[in-house]
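Below you'll find the structure I mean.
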């Protein structure tokens, strides 16, 4: 089987300051579907297109940010093997029992060198996208708002991105796809990694602030949907950080904006497909503006400094 | 590593009736780049975006059609293992030496139950896409004509598609993504298989005519490029079979047309991403029109009957 | 003032076989908004974007087809002058009083040489598009289904298209934009006329069947909306005649389909802008396929023969 | 005839600092076609789609900026009448003889209250778009670079925009389409005027710097072309001021950038159609950010201050 191991970003738990305001935002503006609430008050969402029970979990808290990042893996054997590999590599793991997250099987949790909390799982109830598997048609029903296709990836920040890169590439089977080198021409300032044929499933940026998140990202259908997303954000008074624009890195087209708690999110589309016979792209420090914002070729302060 | 085994369709050798007329067509209308000619007179092409030396090889012959279909695999170990697995499964293999195709390493060839000739290889000279791997920018240079991104997949016909499905799924690691069931509700009339995260890397259709090809397919960037491709075809008197349209199967948007030799080709974009936790879609016989041509929900005779 | 005289197609009264079924279709699939019903049972609709009270009026009848075609003119002085000009040209007119159509001022009605019933009016209540005129924003609210921007034009059939052309160009100030010549190279088989900067506001086709309609046409925002319209039609079991495709004539991109009564409608976008320093385009009879269906360059029988 | 009087922006003469560098830019990056050079060294360009001999004239000078703005009118009678109307309104006019600009008939020149030099003309040699008027097809040949459809409009600055508005609406037949009111709720800070069915053919902004230009604007085919234009600019080291983005005013989607002399230009598409039964849109001062840059709802200093 060609697709094995870690499949994709599966879920993440986002801290929000006002739960009901955030539920409204993610329901009505982002257009996610609420699929459940658990005993601890967490609210579960999926996109209209996603088949699994949830991808975004909201937890009310005093500070914004992300509690943990979950990847779905192929099956139980993969989960068990990856846990053994992690332990062998020297990373402590924790097993969380099935049911700790709604409709989700057991999870293997670990902390990466950048101090982010990751978890692997292979079981989550398939609630479907409303089309079924027999004569499905093409239009996923009940779309509203921005209506992304899926939770796609995260960009997260921390000090030891070399350590996290080694862990993800050596143990979890990720590939390095793009990198920005620092002024010394040696140090990786940011890296884009994939576990699939996407240009990125996760990105790490070197930052003194360990265990922080720059953005969670949602995939859209087309550049026209990127425009409609920007229009929808503005019509709903969502604060747009930057965009629409194209990235040099990944070649995706995108918008960045903030949820009501100040968590940055991305709605993007496009980007090339990754195959493992490709070499990683390298961007030099003098071209970092072009790498990030291909059109203006200049970064803005807010994009560089705000993380949660 | 998450992407392993068979990576993707890598090349195919197409028979054309008039070589120079076909070279003009694939150069000027399709917008492929000629990368070489070998001692036997074959002409090699790649798309502007492809990095490997070639994906389409033209051979002049008395009849149109496809000589063989090549998949790139991850590395030598994969090639050797897949050859062993084929032999163990009872499929005879043949090793073709490096250099038999220009800039291409050794290939392992075998015949599938549908009588098509397949081959696996892992080495082909990377000639690049003109952007390089350092500060690449985003616009692949030297695009003209239809300018597809890549050779994407093939739809091929033969009697024993059950046999080919078993071979591809059990030995080569492909996954079944979609299927059309016959009137009996049991027989697979057509199957779509992937070795990656694409909705299909190859499709087999049940047909009395063994070792025939319905179309080779090229990926485009967007639905607007599909329109431009149709405009470009018409401006160049290319005979369009059908389209632009959307498929029910794979949800891609597409045009079918014929090259000067009568080989059908597709230029398409879109379609969902495949993950192995997805169940295969099944289309029933009464919905076959919707499955193939989602908008008109009716097949045309030419689409059903012409193969080469 | 640069835009004067006849402004645009303003409304038309369509005969439908089953009123409530048609109301459902035009409301839910086409996405028009019902704005009123009158004492005679007629149902009035506007698109979300249109500001005037209505553009499509449905009347239940035993046969499908169009009762009359209304153009909005600039003001009362224009209406009075055009009536005088019609009379002077030898065309009888009839004044219909304000209120005969809901929220509509007096209308001047006449019959063209092709036996179609036309009317001119200048007053209709502005109900708005929901954005208002102060800080309007950009997203017209309450869009659903196909959600066209406006009723755009009609293609209508009759014997004496030369007579109708003369009437529209000499009296009503329309310009000839495109024409298809017959086999003799002389006779106009079809003509496209504009009263504005559009490539067409009305088209006449030579046909033995006087006072028939080929289609009423709705404008969409983009080629991607054309695709979504086709998807929406199929998902709602609307019978698509042909498309998506591009026209040679006008260069618009389009779909043709049928409403539940068998009235053909078009949902299209694009086409060049007309300026009166442009010469009319002429298509010769041997290129009629290319003129109509630019991609396939061949007409289908149904498109040629079905009118209501 | 419904389209009469002033038809559209027809040409403008742009001052550039280095003629050959500018010729290269407008030829290779913008993708205009050079159509002639005159005895005084001026270089004439048209877009691929434009039929008239030229729309942009480059003149080498010590300062950037625009020498004059020309509108094409319907015919000689219109030219003569508008000259009489200007004189009667108290505006001095000057007749420039045919041939003063290459392939152009006589022009009537006048200075508007904002001190910009305007001219009207009705004759210019039609060199065509390469498609002809018989069986034209749809793809305009020889497109390269950004390849706009046409010179579309200008935004120009000066003190007495009330005076210029009165002149354009009362004498030249333009209509007011949108306006931004100042903090007092009374003063027009900027106005958008049309002489056709476009959302704007010219815009005036209140500014102490008389006879200055904010940008000249080129129309593109689609939002996807806006993206490609931005990509093309960046690949050619063109300095992008802002965009891609959507305007609140006109609802167009756009990019602003600078030519090698520092003249700002716009490449845009979209926007609603104007009809004279529409009321003007008013934007209040507190929504000026939304009016101009709909997504970020905030202006940038450079956009506000740089004119040439």
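Each chain gets a letter, A, B, C and D, in the order it is written, and its residues are counted from 1.
Note that a contact is a pair of C-beta atoms (placed from the backbone, for glycine too) under 8 Å apart; a residue touches a chain by one contact, two chains touch by 3 or more.
Please read all numbers here as calculations on a predicted model, not as lab measurements.
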item: Those chains which touch chain C and also touch chain A; value: B, D
item: Shared interface numbering between chain D and chain C [over half = same, under half = different]; value: same
item: More contacts between chains, A-B or B-D; value: A-B
item: Between chain B and chain C, centroid-to-centroid distance (C-alpha), Å; value: 43
item: Distance from the mean Cα position of chain B to that of chain A, given in whole angstrom; value: 31
item: Whole-Å gap between the CA centroids of chain B and chain D; value: 47
item: Chain C residues counted as touching two or more neighbouring chains; value: 137-138, 222-224, 231, 234, 246, 290, 294
item: Chain C contact footprint on chain A (complex, rising order); value: 137-139, 222, 224, 231-232, 234-235
item: In the complex with chain A, residue positions of chain D that touch it; value: 223-224, 227, 230-231, 233-234, 240, 242-246, 253, 255, 290, 294-297
item: Partner chain D, residues of chain C touching it in the complex; value: 1-8, 49, 51-52, 72, 74, 126, 133-138, 173-175, 194-198, 222-223, 246, 248, 251, 272-284, 287, 290-291, 294
